[in-house]
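Some structures are shown below for you to check.
Note that chain A is present in both complexes that follow, paired respectively with chain B and with chain C.
What follows is the complex of A and B.
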């Protein structure tokens, strides 16, 4: 096992090397992406601001609070996009047969799928971290040892929740081959449900966002904790906001079980 | 010692029955019918360590499915398989250490980067010790002339250069067995020769077991003393290439140039295959009639100016088996 991990670390480093070299090979493309990242997130924040300037607060959340809410999600999501976005390309590789290549190599299939480079650059993550720092100051969040200790694992937990969703959708490709529609729906819903405090939704939606697809743990519960927002409608204490890392790990583990199930099916019956 | 053992290997796929056109596709949205397709049907064979075998068959015969089972990509529906002592689908990663795979139509090299970067990655994936890696690289470069394009992005390589790169890539970790799935497809003569040379040397010098699927029978004639023919998922011949030639290459062709054009050509024991001006092609069964006897019969009937004999080539033989099917019951047993 120790040897396996050492090997995986070596492979992971090599994959990133390839990734960065490939990205630099297409400088113009990279610069366009970089600009797009700014425009995309800038317009999201602007849209939020427009809504909020008409309604000074939403269920007790001011614009400043919501900037913080958005920023936590943004960092977690950016971390996911930087490290795990290639999981989303699995369906394409199943369809064109490239996936078989992963199966004839002496490493875990999912590890390879994650490590395989997809022209990712940490630009989004860098931008997200700047936004997060700004939003934290803007929202007047009290930065203490607790905050500094918990924010990194919360962000990682949030990225794992994203990974879980991504993996579940990609696994569906073992049955349906093409899963674009499913992915699009989830991308839209995630954006919708992480932008506002979930208290604006009905109880059933909140239950789903908490216990089924735990997007609420990516940003809502942690933000509520650090902004001292009191009880949520679901009766969970504020400290639930610190559970995000655990939720992320469990959610990914469940997604992985589903992945193994799908992979066995693929090897058993083809597609 | 057997390095690959396949016993009663069977793979059944469940497929959606597709009806033609948009109407059919819309109907399939609501009700689906399935059918079972038997891709591999009770295949048996054994390979000894260091053998070089051609695995042949028409498109859809089950070649790729067999290879996918041997490489651990697919689980067989029934039957058993062992590759270097390992059941591939049960211990996929362990099996992967032992094998190298070249899919002729699909590269494992990184398109945008020089060959060396892909090789470095593979070195890490297979955990090849640095010395061994450099040794292998030097050896392969010498045979495949890799140095010339080692630092060029793969996307700028010719197909032949890319294939050479892919071959070296598949061999960097000293696999015991390599599976070559149509490795020479689309290559020019020079590149084909380089690849064939490489396969022969790897097999001879390193004792690597090689399974080669191909449609180019010149590959087979040059490379593989033993062939396994598969059709509709079943092994229809397994044995020496020579035996395939003697058992199926029963018909030779006598090409006759007449001194003057006869009105009608009729020679007992021979079948007129074609005729063009003064030249006629007569097909005859080697077992029933000697060439000498046939020539005598022709000369008794017509004035001729020249004769020559065409021996059946492997291409013709295999085509005949594909088209006519296998009629005489299994001929080959593993040699």
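What follows is the complex of A and C.
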């Protein structure tokens, strides 16, 4: 077991070495994609600012509050994109037969899929951390020991919620082969539904965002706790905002069980 | 070996090949049927979401006098309906053909190559336009969007068509840049996001802060979405139709001229590379 972990650590180090070398090789490409990331998040925040400059309150949330709400999601999402975006490429590997090669190698299949090099670089994460620091100051959040202790696990928990969804969709590819449309729907839903406090939604939407696909734990519940927003709409106490790490672990564990189930039934797509 | 766009004698213009190109494109699109489900599903969810967002905003703030809550929900629903046909990378065949080199043989064919891309894109767009029927029914029956008077509706349809042409030329220009650089998908995505925001697809431009409005109206994006949408909800009154659609027409002419220049310069480059 100890030896296995050491081997994995070695592979993982190589994975990052290749990623970084690839990025350095295609520098212009990297800059263009970084500009894309910047415009993407920039235009999202700009849209919030424009709306809230005309309508100053969204169910009691000001633009400052909404910026903090966005920034928590952004860090968690960027952390997921940096560490686990490769999970989203599994359906492609299944389709072109590449995946079958991972099955016969003496390392965990999911780990191998995660550590398949591409052109991953932590630029979005760095941008997200800067945005988060700026939003925290801007929103006037009281930074104390509790905040500093809980924010890292909350962000990791949020990234795990993202990973869970990503893994569930990729597992669906064992049966459906082409899941791009499904993934696209979920990416959109997550982006748009995490942008606003869930109190603006109908009760059924709030229930889905809390208990089925727990996106509300990525940012709404933690933000509500740190911004001292009383109302919830689902009767959950403010302190529920600190549960994100636990929710993330449970959710990703469930997704992993589903993954193992799919993997055991996988027959190949006929290459 | 390879004829240039100009050096070749111009063939007598016939419409039939282009109709056939459009038909082929429609048939090609029809093979991706799951997209139908995705498009309609995402349309319903997004209108539903925007209705909740606008409802919350109107409940807690003073409503803007130009747009009632019902009008702004209608605006968002119609914007998303327009997006079904506007948000298509319709001339991506140009980029693909530049990447794999097959554009060279297109220059040998007795066709006007840019018209081929227009026909191909139109075919794809027409296929997606079929989706407008169920989506519009949903918008009417579930979301009860406002239906304006027939004359306004006709003006909207005309302005929508002009907006579509602005979108076509912008898309063609972006794909034309593949003559010079290969990595353009990120640039295209950036332009898509800017169009969503500055074209008024997400938020009506009249709600933007005043200092931003001057800047936005100087960009072509407003001619794509904002003009037809504001005609639909009545913010642009009939007395200003001529002026608004005239501006759309100006953008079409400007972008068509720039496209022609880019295309000439680009296709000359192909010949140089091909020796």
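In this section, the second predicted complex is superposed on the first by the 265 of 271 C-alpha atoms of A that agree within 3 Å, B and C clash if a C-alpha of one lies under 4 Å from a C-alpha of the other, contacts with A are read in each partner's own complex, and residues count from 1 in each chain.
In this text, a residue touches a chain if its C-beta (ideal position, glycine included) is under 8 Å from a C-beta of that chain, and two chains touch if they have at least 3 such contacts.
What you see is a predicted model; the values in this text were computed from it and never measured.
Undergrad: Since both structures carry chain A, what do chain B and chain C do when superposed there: clash or fit?
TA: fit
Undergrad: Once chain A of both complexes is superposed, is A:21 in touch with chain B (first), chain C (second), both, or neither?
TA: After superposition on chain A, A:21 lies in contact with chain B alone.
Undergrad: Quick check on the superposed pair: does A:142 touch chain B, chain C, both, or neither? Answer first, second, both or neither.
TA: Neither: A:142 stays clear of chain B and chain C.
Undergrad: Given the touch rule stated above, what does A:260 touch, chain B (first), chain C (second), both, or neither?
TA: A:260 contacts neither chain B nor chain C.
Undergrad: For A:181 in the superposed arrangement: first (chain B), second (chain C), both or neither?
TA: Once the two structures are laid over each other on A, A:181 reaches chain C alone.
Undergrad: Have a look at where A:7 lands relative to chain B and chain C in the superposition and call it first, second, both or neither.
TA: In the superposed model, A:7 contacts chain B only, not chain C.
Undergrad: With both structures superposed, pick whichever of chain B and chain C touches the larger number of chain A residues.
TA: After superposition, C is the partner touching more of chain A.
Undergrad: Once the structures are superposed on A, label A:98 by its partner contacts, choosing first (chain B), second (chain C), both or neither.
TA: Touch status of A:98: first partner only.
Undergrad: Closest pair of CA atoms, one in chain B and one in chain C, after superposing: how far apart in Å?
TA: Result, nearest C-alpha distance in the overlay: 7 Å.
Undergrad: Within the complex, which stretch of chain A touches chain C?
TA: On the chain A side, the touching residues are 28-29, 32-33, 35-36, 39-40, 43, 46-47, 50-51, 53-60, 178, 181, 184-185, 188-189, 192-193, 196, 199-202, 205.
Undergrad: What residues on chain C touch chain A, complex-wise?
TA: That would be residues 34-35, 37-38, 41-42, 45-46, 49, 52-53, 55-58, 60-61, 64, 183, 186-187, 189-190, 193-194, 196-197, 202-203, 207-209, 212 of chain C.
Undergrad: In the complex formed with chain B, which residues of chain A make contact?
TA: 7, 10-11, 13-15, 17-18, 21-22, 25-26, 97-98, 100-101, 103-108, 264, 267-270
Undergrad: So in the complex, which bits of chain B are touching chain A?
TA: That would be residues 13-14, 68, 71-75, 89, 92-94, 96-97, 99, 101, 103, 106, 108, 110, 112-113, 117-118, 120-121, 124-127, 153 of chain B.
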